[in-house]
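Note that the chains take the letters A, B, C, D and E in the order they are written out, and that residue 1 is the start of every chain.
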Amino acid sequence: MVGAAMQMADGLKEQLQSLTEGVAFLWPEITLVVGLLLVLLFDLIFQNKKEVGIAAISISVLSFLLVAQCLSFVPNLEAKDLFVGLITVSSGANLFKIGFTLTALFALIMAAQSKKYAQQYFSSSEWLVSLFGLLLGAFLMTASSNLLMIYVSIEVVSISSYLLTGLGKGLKKSEAALKYLLYGAAASAVMLYGMSWLYGLTGSLDINTDTFIVGMNAAQPFTLNIAIFMVLAGVLFKLGAFPLHIWSPDVYESAPMPTVTVFSIVPKLAAVFVLFRLISSTETTDFNWQQWLGILAIGGMTIGNFSALWQRNAKRMLAYSSIAHAAFMLSGVLLFNRAGIEVTVFYAFIYLIMNLAAFYLIQVFENATGSVNFDSFRGLGKTMPYTAILLLVVMISLTGLPPVAGFNAKLFLFSAVYEGYVSTGDQIILWVFIFGLLNTVVSLFYYIRIPYLLFFKTGDQIITKQEGFRWHMAWGTFLVLPLFLLFFRSDWFVDLLNSINFVF
Amino acid sequence: MLLLGALMFCVGLFVVFTRKNAIMVLIGIELMLNSANLNLVTFSRFDPQALQGQIFSLFVITIAAAEAAVALAIVVKVYKYFKTSDLDKINSMKG
Amino acid sequence: MIDLLDIISPQSSAYLPWILALLILPIFSFATTGFMKGKAPYWSSAIIASNLLVAAYLATVFWNEPLTIRGNWFKLGENQFTYSFYLDKLALTMSLIVNFVALLVHIFSTEYMRTDANKPRYFAYLGLFTFSMMGIVLFNDLLFIFIFWELVGVSSYLLIGFWFQKKSASLAANKAFILNRIGDLGFITGLMILFTQFHSLDLDAVKSLMIMSEIEDGNWVVNFMQGGKEVISSMDGRWLSAGGIALFCGAVGKSAQFPLQVWLPDAMEGPTPVSALIHAATMVAAGVYMLARIFVLLDAQALEVVAIVGAVTAFMAAIAALSQFDIKKVLAYSTISQLGYMVLAMGVGAYSAGLFHLITHAFFKAGLFLSAGIIIHQLHHLEKGGKKFDPQDMRVMGGLRRKLPVTFFAFVICSLALAGLPGFSGFLSKDAILLDLAVWADIKGGGFYIPEVLAFMTVVLTAFYTFRMIYLVFFGEFRLPKILGDASLPNKLKEGNLWVTVPAVIFALLSFTFPFGFTLNADHSWVMEALKTPMYLVPESYAATSLLDVPEETFHGLHKTVNIVSILLALAGLFIAWLSYKPGAKLEKTFIERREPVGVLGQISFYHWYQNSLYQNIFLKAILAKSRALAWFDQYVLDEAVNLLAKLNVVIAHVTRWFDQVFVDGLVNLTAASVGKVGQLTRSIQSGNIQAQILVTFIFLLTLILLLVV
Amino acid sequence: MEHLLSYIVFIPLVGAALVLLTPKAYEHLYRVLAISSTGLTLLLILFAVTSFNGALVPEISGEGNLQMMEKASWFSLKLGSLGALSVDYFLGVDGLNISMVLLAGIVLFIGAIACWNIKEKKKAYFSLYLLLCTSVLGCFVALDFFLFYLFFEFMLLPMYFLIGIWGGPRREYAAIKFFLYTLAGSILILIVMIGLYNSVYDPIKTAEMAGLSMAEYAISDIQSMVLEGQIDKTEVVKSFNMLHMADSANYIPGSLLDKSGLGTLFGQPIRWIAFLAILIGFAIKLPAFPFHTWLPDAHVEAPTPLSVVLAGILLKVGGYGLIRTAYAMFPDAAFHYAWLIGFIGMFSIIYGAMNALAQKDLKKLIAFSSVSHMGFVLLGLAAMTSEGVSGAIYQMFSHGLISSMLFLIAGVIYDRTHDRMIENYGGLAHQLPKYTVFVGIAFFASLGLPGFSGFIAELFVFLGAFKSASVIGAIPAWMAVVSTLGLVLAAGYYLWTFQKMFLGKFWVKEKKWVPALKDLTIHEYLMLVPLVILIIAFGVYPSLLLDLINSGVESFIDHLTASI
Amino acid sequence: MELEAILFYFFAGITAFSVLFIAVTRNILYAAFALILTFIGVAGLFVFMGAEFIAITQILVYVGGILVLLVFGIMLTHRLKGQKLKTDRYQMLFGFLISAGIFGLFIQSIHSGAFSNLPWVDQEYSQEVELKSFGLSLMTDYVLAFEVIGILLLVALIGAVRIAGNARKEGTDAA
């Protein structure tokens, strides 16, 4: 009895040691929490004129985080299971985290520049707290290697998202938040239910353990399929992919620009990472990922692109476009070989930059005209030429044409898909390839609308011609420049990806 | 037991589909979550590590609570705007 | 084995500058005359005169030993393209004729165009024409012949359309060019065939390789070396005939043969001296010249086609010439008819006779045109200040022999040559053709007598329309004063001055027999001696029977008969013309009042077998209608179809949207309807209903599961 | 001169940058900048052409005897199981593209002069124009497919805006149509490009990767090692090199587009489908029936200089692309589909001409005549004989000059009256005699009159197309014969137009046009006279061009025949 | 054992019955109270499966927390002036079809999944879970998740308060 207790105590000691060891790896998350608390405290302590302080704190925390992450980034990190397998730290995850931090930072910048709402974002802490919460959740999503942790982190992201949507005044916002929440809650309930089955099938929540994998392999295909598919549904919800994409246009339309920017990037990419995790531990099972994801990708591209054609509102259009892009990423994910992973990550990062730039620039126009309806873009090419050109470049990139990185992303992606078809001969991959290319053509129709309106149409509204330097030009350039750079030297980034060992 | 879980889940789903009232929908979602809990605890009985399922369900309960709180806050806010909590009337967006 | 590159290896000569001078002088005239203003006629005449001197000099040097000059032009793949000049008697004769006629026409035009503001342009065009024509004559390479062939077409286009403010002139120019182009399609096809087979278009090479080619199993095969590599060319034997016929098509266009001859009458819209130069003496003869150049490459079948086309043309045009009012039209049809003779001659193998006729015709027809030109020019003077009338219409003429005696002289001499009466050049050459034709028909037999019959009938017709013209123009009374009601007119009418009469008289003199030998037998003419019929070079099984292989006796036997028959026929024509159109004859009277001939035959003749209407109203209309239909198709069907793809996109977008969102409502409606709550129907036709969305999501999920798992 | 080609390609880009940097106050400098940078480019191109050695026989399927080659590794990636992928900055000229570079230099320079009268938004206009110049030139000298595609796609945007902003009344429609059509085509090309680089490896780089020294092994050794699997799959370096793609030995054994692999799709070998895709892609650009419908609209709406550039050089990218990619890389498929291509060519010739016959708008007429003339390019290519291919290249060159002139001419009348309807004019020769002379020359040159470059080109195509049947058997002889109809129709529509507009009595629809109808200005002479001289020079002395392209075409034909 | 079995089925019966009642009733309050029953039933079942702690938490959190929230929500959104607390229903047919379809699917897969035959379910660890080990593992193995949940709750509460508070303020503003 005593021996057992001793043993247990020893075990506990070891455990505690490993926990403290693990804490060291969690410094980004801890920084976030600290930042969150700082903002909160600042909000509580000071009464008036808190904006500057809150903004300063949040921006400096994020900047610090970004710099620190970049500096400490090691490409070929050994994947480490921490917290008794709850999370796994890997270079890939770290890379994604850098992307998330960057996005969040930019969202802050956008918030600060927003004409309409700048006050609102920083006047009290909720928005930032939710944002930090979302970021934290996303960080954890990339690290989770346990069903429990996956669920918890996804919920953190979700709830933060609901809050972000619902915060602030406005009828549309609360409506969207409610819908988002109900939809999301239903989706996560489905996922949870699926997880409970997976647990039942394997007896383990840790998806990296042998028990889990053995259990999965032993499971009856029918049940397994349904269970995994239910879990997949939750991830697809975060990814905003077909068929769980329906919420996104409404939410995008009603949420403020910085929030949407975060929504369109962070949860999506985190979900991609979770998907990688799920696939890697269920690859050997009867669940035919190629088939499932193939169909989802085809459906997503088609619905996303074609619905986008219909839109008259830049944000809604970008919502559908992001559905389509999610589908493109899925088509990279479904290959699940080294190449597939790399091209997906490449695509994801290009997507990140493109979307940041797109939303940023659209906000610039929104600031000028007060609307994101297509009609308001008419003739702005004349009054704000530089910004319009930047937006044009981004649209080209989103379409996937040279000489911007969107082209490389699509090129590599399709190459990988093509190669995937050649090496496996799987018919569904071929269809994904074909649909992907067709959809690229389709996508042009709506992406080109914005430049078309900007340059070819004349607007009714009188906006004085902007000449000379504006800060937003610098930021826009800062965002667009990488698109060119990564087109001309995509090897820089791909080499980096090459050196990363993607372990999930 | 699993069947009961399945039943709960599906009834929850049914409620989510069919009831117009936002709060009823929330009730449905709670049912769905609870059904998952039921599964987890059931399986947990066979777990050599004994605890995973139970702990998971503990977290689920917590999260459900948080979610419910947020949800109700939003419902209340929506009610202020729309003077109703019927979901089919809460509709200002089209597209 | 012969190496192609050896055949076409460059050959130089010290005389190259002289030959080039023949080309450069006229083009120099073209380039500079435009800037000469009032002095343009003299300047260009001087240049052409010097060109004539060059041609004459070359003729004296190379008359007896032909000169070949060849140089490399460019290399296309392995094929060396060369330029080559070949000065044999034919080329020299032609260059003399061209320059000579051109010179006289220049001189004539000096007076004829004196008052025209654009005369520098006119003389420049003449220079261009002479240049192109010399190119055809001098080059010994089918490609170059073709190139200058087209250039001649352009200069003809420019000259016909010289008075471009007249719509009819510009249309006539178009017509001439386009119909010539149609013929040229054949030419270019012929070039393709020969090039494919022989890898060169140099006539020397083509001829040398043609001798070596054989027919094996119905295939036309030739074996030779090209730059050390062996080449075996082989194609279906029928291409051999096709090649000949195709090349002949070029001649059909240029020499106004059936069915492309309709451009020539219209071409009379050009100034009359131009008609004399281009559409009588030289350019239209280029087709015959070209046939002579490729004569040895034609096989039996091609030659038959040539002969038949020639005979048909000769006859049809002669019929058409019977009833024209316009003096130039008569001459034009007569030209077509005579060209038909020449082509017929080539077709039957009467090479020398054909060329002989070309030469004689060049002179007497140029003479006729120039004389007609004088008449028109002088009548045109009457128009000044007075009422307008058509100075080319024979109905306004009559009795001009007294007013224009020199012209009358020239005109009649030339007409006699045209009608083929003994003592005049036309007699010699036409006789030679008829003789060879008779022999040919005898050899061939059967249906091949038809060309002979047509040709002999044409003799009658020729004599008839020639004298009809003479009677109407020069005899009887001057009808214009009556028509215009101005009695003073006859006094105003004067003979042309020396600028115009001298060239006409020179041509008239050249229409006698004596320049071609003091003989009534064509065989004794120096021309026939100089231009000996060559042997066919095509593979034996395809070759026609050469007249050279026919024993002399056959000719002798037929000679007298043909001679007599043709003289009798010509006299018969003359007699009928005298009967019908002598002053005071019935036809002559009605002629003046008619607006157009009556009766079926009259109409057919006047409208030239309605060929023009056929083309204008049926072919051209069909083509234009088709092109409009295609344009419509392009704009409304094809374009729309492709746009439809784009629209389809939008449609799909609608459908997808419908699928994505309206479908939900559809389901909602269905649900509503199914529980009888119609009132909800309208309300739920809204998007953005979250529960419906969830529902649809689950429908998708369920469907996917059912699809993939079950 | 080292990096000559790079200078040629990027000088206009520098010009564009300068235009952008020059403040608005010095607006008048923009056109000077444009003209001087394209002029400098032209000078460099002339220098390149004179130093080009036409006697060197290039190796179409390798880098042997490629001239003025510039090759630098752009980027190379390892893409996991995809193997490595290398993209080079790879420029070079051989007999197949030198003529196009020359043409581009000339046309772009003339186009720049034609931009003289642009009045609004000069900065944007001239920078876009110069950008267009760079991409066009880049397209012709790039020998790396990736680079080529970059330039190819990048032509679209400047063109899109140039038409869309400075075009005629229906410019938006035309711009979008142009853009979408060409884009659809380029997507097809992209598909094939992906397939190609996934199937082709670079033997030299593969050797490097596998640690083999090129000193010890010949390229063929490496190729046989790859064939026999002695080099590991992951060590195979995939290549975008267009020349490597042309060598069937460089295809990874068993890959989709490998000749021996012969995978099938819809019952057809994938190589054939790939060929068709790339064919359609470039046929849209060319344009050939039935993908030509964007052309009339684009031409009609585009401002004059753009029409000049579009007809003069952009269409040629299609033809050149076919030669360099479709034909060089898929000779077997090209042979298999020769009949189809020949037929499309023939049909385009006649169809374009028939359509031109029915047009009322001068620019549309010229546009359809372009369709007709570009049909010759297809016909010549389909023949797969050296005459045919030379003819195709010659036709592209000559059509580039002639159609530039035609559009300039259409621009002259449009500048004066803002009307292009043929039926609204008559007897212009009285009012504008000098202009009429140039119109006449242009029309006759375009209808294939000997002495002008168009004749030589069309003749070569005919000779080659006819010869094809007996030499290689690609297309039947009758196609050449039927195509000659195009000549007559061309004569028809040009002469009738000429007759309607310039001959007859002077008449214009609106009285107010009369004072505006002044004869050519010096500035217009500056554009037209050089073109006339060039058209005649290339028509009289074909060696000017043939000496440049002959050995290239020979080698190309050898390459084709060897792989049928 | 008999009693246990009876109790077990009793709780299961309560759960099933109350769940079905929720599905049928249109009254929101009834539904809320039926939910309590369900939770109690489920909690009872948890006890039978050796998860007393969870059972207690369930009752505490759900009944004490969530339900109270729900009822508050109901109160706040329905002014109780004779207004019936009824909810409209729609999409009955499709909702039913889909739910039933999924239910059928689940039954099918539970059946074919044969969970009781899975290798890891072979032996039944019916040992009681010590609260101590439960807590220990919560604070060691799952400490991270535990902390995260804490933050989540913090964020959620701040957010919820803000949203609801805002709404009230705005509501009055509007009114």
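Rule of thumb we're sticking to: a residue touches a chain if its C-beta (ideal position, glycine included) is under 8 Å from a C-beta of that chain, and two chains touch if they have at least 3 such contacts.
All values reported here derive from a predicted model rather than from experimental measurement.
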{"item": "Partner chains shared by chain C and chain D (touch criterion as defined above)", "value": "A"}
{"item": "Fewest touching-chain hops separating chain A from chain D", "value": "1"}
{"item": "Comparison of C-E and A-E (more C-beta pairs in contact)", "value": "A-E"}
{"item": "Middle chain, criterion being Cα centroid separation", "value": "D"}
{"item": "Whole-Å separation of chain centres (CA-atom averages), chain B against chain E", "value": "7"}
{"item": "Centre-of-Cα separation between chain D and chain B, whole angstrom", "value": "64"}
{"item": "Interchain centroid distance [CA atoms averaged], chain B/chain C, Å", "value": "94"}
{"item": "Between chain B and chain A, distance of the C-alpha-averaged centres to the nearest whole Å", "value": "25"}
{"item": "Multi-partner residues of chain E (at least 2 other chains)", "value": "90-92, 94-95, 98, 102, 105-106, 110, 115, 120-121, 142, 145, 149, 152, 156, 159-160, 163, 166-167, 170"}
{"item": "Residues within chain B bordering two or more other chains", "value": "2, 9, 13, 16-18, 20, 22, 25-26, 37, 42-43, 46-48, 55, 59, 63, 66-67, 70, 73-75, 77, 81, 87-88, 91-93, 95"}
{"item": "Multi-partner residues of chain C (at least 2 other chains)", "value": "646, 684, 688, 690-691, 694-695, 698, 705"}
{"item": "Chain-to-chain touches, reported pairwise for every pair that qualifies", "value": "A-B, A-C, A-D, A-E, B-C, B-E, C-D, C-E"}
{"item": "Complex contact set, residues of chain B against chain E", "value": "1-4, 6-11, 13-15, 17-24, 26-28, 30-31, 34, 37-38, 41-48, 50-51, 54-55, 57-59, 61-70, 72-77, 79-81, 84-86, 88"}
{"item": "Contact footprint of chain A on chain C as seen in their complex", "value": "646, 649-650, 652-657, 659-660, 688, 690-691, 693-694, 696-697, 700-701, 704-705, 707-709"}
{"item": "In the complex, chain C residues that touch chain E", "value": "667-668, 670-672, 674-675, 677, 680, 684, 691-692, 695, 698-699, 702, 705"}
{"item": "Chain C partner contacts - residues on chain D that touch it in the complex", "value": "177, 180-181, 290-291, 293, 351, 354-355, 357-359, 385-387, 390, 427, 429-430, 444, 449-451, 455, 459-460, 462-463, 465-467, 469-471, 477, 480-481, 484-485, 487-488, 491-492, 495-496, 499, 502-505, 541-543, 546-547, 550, 553-554, 557"}
{"item": "Interfacial residue positions of chain C with respect to chain B in the complex", "value": "661, 683-684, 686-691, 694-695, 698"}
